[in-house]
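Next, two complexes with chain A in common: one pairs it with chain B, the other with chain C.
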Partner chain A sequence: MYEEYAVVMKGIVKRFPGVLANDHVDLFVRKGEIHAIVGENGAGKSTLMNQLYGLLHPDEGEIYVFGKKVDMKGPRDAIRNGIGMVHQHFMLVGNLTVAENVVLGSETTKGGFVFDLREARKRVKELSEKYGLHVDVDAKIEDIPVGMQQRVEIIKTLYRGAEILIFDEPTAVLTPQETEELFEVMRRLKAAGKTMIFISHKLNEVMEISDNITVMRLGKVTANLITKETNPREIARAMVGRDVVLRVEKPPHEPKDVVFEIENLWVKDNRGLDAVRGVSFKVRAGEIVGIAGVAGNGQSELVEAITGLRKIEKGKVTLLNRDITGLDPRSLRNMRMTHIPEDRLKYGMVLQYPAYYNMILGKHWWEPYSIRGFLNHPAIFEDSKKLFEEFDVRPRNINMLGGNFSGGNQQKIVVAREVSSQPKFIVVAQPTRGLDVGAIEFIHKTILKLREQDVAILLVSMELEEVFSLSDRILVMYEGEIMGEVKPEETNFEEVGLMMAGKRLEEVRS
Partner chain B sequence: MRVIEAILDVFRNPQFYSITLTASTPLIYASLGGVFSEVTGVVNIALEGIMLMGAFVSTAFAYYTGNPWIGILMAMVVGVGIAWLHAWASIKWWGDQIVSGTAIILIAQGITGFLMKPVFGQVGQTDLEKFKMIKHITKDINPIIRPIKLPFPENSFLGQAFGTISPLVILAFVSVFIGWFIIYKTTLGLRMRSVGENPEAADTLGVNVYRIRYFGVLMSGVFASIGGAFLSVGDTGIFKELMTGGRGFIALAAMILGNWNPIGAMFASLLFGASEAFANQLQSSKLIEVSSSVKPLFNMVPFIVTLIVIGGFIGKTRPPAADGIPYKKSE
Partner chain C sequence: MEKYWGFIIPAVSVIVALVIAAFVIMAVGKSPIEAYAIMVKGAFGSSAAIVNTIVKTTPLILTGLAVGFGFRAGVFNIGAEGQMIMGALTATAVGINLGWAPPYFALSLTIIAGMLAGAGWAAIAGYLKAKTGAHEVVTTIMLNWIATYLSSYMVQVPLAVGSGTPKSPEIAPSAKLPILMKVGPMEMSAGIIISVIAAIVMYVLLEKTTTGYEVKAAGFNPYAAEYGGISISKNVTMSMAISGALAGLAGVVELMGVHHRFLGTLSGGKGFDGISIALIGQNHPIGIIFAALLMGALRTGSNEMQFAGISKHIVMIIQGIVIFLVAADRIVRTMILWRKRKKVKA
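Now for the complex of A and B:
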């Protein structure tokens, strides 16, 4: 049965407490194709793939691999059936070399006990050359760039004889150029007869690389499409269940005076290495300055230094003509600088607090929330209720604990709190990470509304589309330095992508 | 400058080097044990307690059987037993490794103190002659492992420093080499290091994280107990209450200073051993008069050296990334 398919999943049902993660899902993947699975966060893509890889066991349904019915109890069964997974968060051991990582668990040995490193290096080199996966076999994982780490993950699956490769959101951590390289590799693997499943929510990538597309929404398959015969609009509709505006409408708006300025800022990371190296820029009232870059190039440290969470080694920060270098977060908040942090669960809210306390965190010493050192609960309740209405937080229950709201509603609480503090300058970091299309739309609109109200806005995001559609000016950060400043209407993804990979604007344009 | 003369004199004295070896050996064993445990990601501050038990058990068996090697063997068995407790609490039940380790130290101190009277018939410190009298033993008992002679000319400097040496000292260096070989040259070692660094990744590749961590912790029990036993049957032939006196912690410091590498830990142990020998020799130097009330100050030297060295170097060493973090399988 199903001989022409590499993978068939039939009638898959997977329940989690309170959620039907997969509701009678059917998936057909032909031999030798690149099959995309798209859907919003929480649509059930990862759950489905984890069942194929043996990490989860389906409650109902059957799985066939190359026409043979299989029952997988763990990743080892999946590997034995020729399935390999390139995880979104790489499963690599940082202090081991590339070769050691590839063979770990199925090592080459001399006499069964002594590790044969020479043989391991040889085999990894062979695979690397055969499929054009360039890696440095003797480098430690912690010393090589993300793109190469991903190639190591791919080699790991090939070393174990994978015929079917699952890529779980592989481009999330890559620059546009690295993405292009990955697609090159995928095409080569396809030519060598491998079957690939590509999970993504980036429609342009899906259109570029896949042969067939399965769209999922709320645990169900909503469309099976042939890439050549469809378009992004149709896919988006199947993903969201309604027509969506894929591009934000940004009205023209003239920026006013400079509100915020940093000059030659130097900041160290947790390991004591320079993470921000001499960054300078200005943000004016009613202007959105976007910082683009691959994660881990100093953006987090920059934001933390600006918002008073991290020590500034050198440089000067000015807010409303006042030197604020080294001020603590509380003083900065009193000067109307607010901050939507990139990690809302860690820095954005207290999960164990009810929503009404989360609504006043960071301004709880302000009147009317606090009078002579005592919390004024009636005022807190009243304002929380008002903000819940205004920002459409669901459910409308201000007593619910922060941790019990969905991701999108948690972010709305954080945004509501920071926006309602009447900021003069707001730092917005990764505002839409992990949110669905509806919530993204809402947050983008909110940010643009602040711009209308002449708030100075610094936007840091790894999502290039977001930076392009919201910013008035884009700064590209690479290894702690600004590679150049561009206006979104005067540049394109390719140019910014090259800067994200470490080329300066002058080099790119020369 | 009498003091400088006295210090130079210490370094010229072959005895300094022989004491250095004796003082370093327990640290070498225990720090090697620490490396085995922590490389797999389990912090083992219980070393101090395991050493104390090793010292006690080996003395007891040496006294009763008359064979100190049986003492060593039994110390290893008991060491593995205690390490197993630590592994069980911290690997199987995801317990806090510091709390579990501390508990084991306190238990070891309590048990050894309590058992002094029933086992040896005396408290505080053992005395072989008294023990024989109490237990009505008449045959000769040698509670100390017989040193071996190395072929150095008797009166040469080397001969005086290293001419007679305990086989346990030589075994310590051999163990370090074997430990290094296991950790860096075998598949088992590769898996140990992967489990200490990123257990989740190792797990997805079919490496049994729990089993590897158990192995690391149990091995730390073997080595730490030999280290403790060296203090009694390897050197003095007696057991004293709390005789490890913090050496388990200095071994941890040596492990850190040695960057979680058996060879590095060995050199660090030699440094700490040398500082102990130095303090020991200097306070009995004939060139300076040290009043007996000041002598305890000299005993602080190894600890001060530890503090300085750790304070100065700790930023430059890198622990295994998952060290001290219990591994829970997801789901």
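Now for the complex of A and C:
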């Protein structure tokens, strides 16, 4: 049965306590195609893929791989059936080399147990060249950029003989350039006859790379589309069930006094090198200042230094006319500085805590959440419920552990918490990473509402679209320095792109 | 379901361990039913047995709480033994000098002194971790040795009395814990009440207070904690101190409730038992009380078994298997899930 398909999932049902994550889902993936799965946050995409990779077992339904019915007890069975998964959060060992990571846990052994690294290195090199993966087999994982780490994950699956590759939101952590490189690799894999399943919230990516699209909504499949015959608007409508504004309107708003200022800030990165080199700027009340730049040019270090998580080597930071250089996060939060971090799993959440505790992180010592040292649970529950409602966090279960929410809903929890802390100054880093189009629209509106309320906002984003549509002023960062300041209505992607590549505004405009 | 795992895992582990040990008993040619009957009788069969079990359980609850609190806060306090010694030693030094004081004053002063000593001893390791990153497993083990030798010096030189085993003088009568029950030579002091109160306090601290929220957050995810305004270095030191105070209290009740003087054997590995007890009790205060009771009962029961000609080491086997299974709770989970799956298919 189903000989022409690489993967068929029929009538898949998967329940979690209180949630029907997959509700009789059918998925048909043809041999050799790139099949996109899109859908709102919590629609059940990752759950579906985890079942295909054997990480979860379906409650009901059947799975066929290359026409053969399979019942997988774990990833080992999936690998045996030629299925590989590139996880969103890489499962690599930082202080081992690329080659060592690839062979780790797979059975390239000589004489039963001897670990044959030489042979493995050769195969890794071959695979790397064959598919244009460009990895240095002897480099340590911790020394290579995210995009390359992801390619190591790809090699890992190929090395184990994968014919079907699952990519769960691979581009969420990549720069536009890295995304292009990934697509190049995917095209080569396709030419070599591999089948791929690709999950993304970015519809332009889906349009560019996929052959067919399955749209999911609330655990069900709502549409099967042929990429060539559809458009982003139609996909978005099938996803959300209504028309979506892909770009929000930014009403004019007059900024007020300066709230936040840094002068000649110097910050080092983890390796002790200067990551931020003499940056100065101001943010006024009711103003959004956007920082654009290719990832890894000091933005993360800048944000961490401003928010008290990283040491400031030199320079001065002022908030509401007070010198806050070197203050700890607690004092900064008491001064109403809040922070949406770029890495929600590392910084933004305690995955083992229920949602209601995550909703108060960073203000848990404030009244009414804490009264004379005791937590005030009724107030915590009440506010969490309110925020769940307001920010449409799904499922509406404040008792669920943070780690059990889908990626996008975790982000909504973080955003809800930080935005509702009555900030005077908010640092917003990659606020819409991993969010669906509907949620992005909502978050963008929320940020603009803060602007209306005269909050000073610093926005750091790798999405140029986002920076352009939200910012009042754009600063472009390159190798720890500001290349220039532009207004979005007076510039364009090309100009900013040149600055992101290291040209100063004067050079670009001369 | 997930909510009850914390209870199911240890319970199933204990049953499995008893079954396996039954085979071992059979293998040495005895009847397991008889052996277990003797053991239960030895632990709970008479009021003397019950008192004995409770006396053994009392300090184990406290060392279990000490280690369990550490785990919840993300620190591995292997030094409960040393903190217990320091607690008892300090309480001795204070307690022998309080002949003039009324009981309520003598009791509280001695208890507080012992707890502070335990807290201080543990805080050294916490502070070193916060300031230099030195791992608490290493530093607490070193502090254990210092405490052991320091105490043995103290009872041989400055605090020594009498001849024979090195020991300190008795503490003042007003600094002895009141006796709740006396059966023959066996005395049960108010120590058990102190232990249970300590468990309740730890529960309230962890689940109801802002400090508990911070301690657990730091234990789960230090990055998120730091981001959320929780100082990790402050927390490490504080968590170690609280853990050490509980271990110190274990030494205090052992001193004030049982021996009434400092002996070299007073701690006797109970600090290390705290690690197993915290594991079996899943770091939950109530679970720890039951785990300590289990260990206490196994120990008193095993003495009785010994008289019946069955090696008391069988208890070590049981204990070992329980700890193994709880630590490898994956195994127990899978065993239970298999059952469930089979049922679904049938």
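Following the convention adopted for this analysis, the second predicted complex is superposed on the first by the 292 of 510 C-alpha atoms of A that agree within 3 Å, B and C clash if a C-alpha of one lies under 4 Å from a C-alpha of the other, contacts with A are read in each partner's own complex, and residues count from 1 in each chain.
In this section, contacts are C-beta pairs under 8 Å (C-beta built on N, C-alpha and C of every residue); 3 or more make two chains touch, one makes a residue touch a chain.
Note that the coordinates shown come from a computational prediction; the quantities given were computed from them, not determined experimentally.
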{"item": "Chain B versus chain C as contact partner of A:Q177, first or second or both or neither", "value": "neither"}
{"item": "Contacts of A:T222 with chain B and chain C, given as first, second, both or neither", "value": "neither"}
{"item": "Which superposed partner A:L96 touches (first chain B, second chain C, both, neither)", "value": "first"}
{"item": "Partner chain(s) touched by A:T318 [first = chain B, second = chain C, both, neither]", "value": "neither"}
{"item": "Contacts of A:Q352 with chain B and chain C, given as first, second, both or neither", "value": "second"}
{"item": "Which of chain B and chain C A:N397 touches, first, second, both or neither", "value": "neither"}
{"item": "Contacts on chain A seen with chain B and repeated with chain C across the two complexes", "value": "none"}
{"item": "Sites on chain C touched by chain A in the complex", "value": "1-2, 208-214, 216-217, 220-221, 223-231"}
{"item": "Residue ranges of chain B touching chain A (in the complex, touch as defined)", "value": "185-191, 193-194, 197-198, 200-202, 204-207, 315, 318, 320-321, 331"}
{"item": "Residues of chain A touching chain C in the complex", "value": "17, 307, 309, 328-330, 332-333, 339, 341, 346-353, 357, 361-362, 364-365, 370, 373-375"}
{"item": "Residue ranges of chain A in contact with chain B within the complex", "value": "55-56, 75-76, 79, 87, 90-96, 100-101, 104-107, 109, 113-115, 156, 272"}
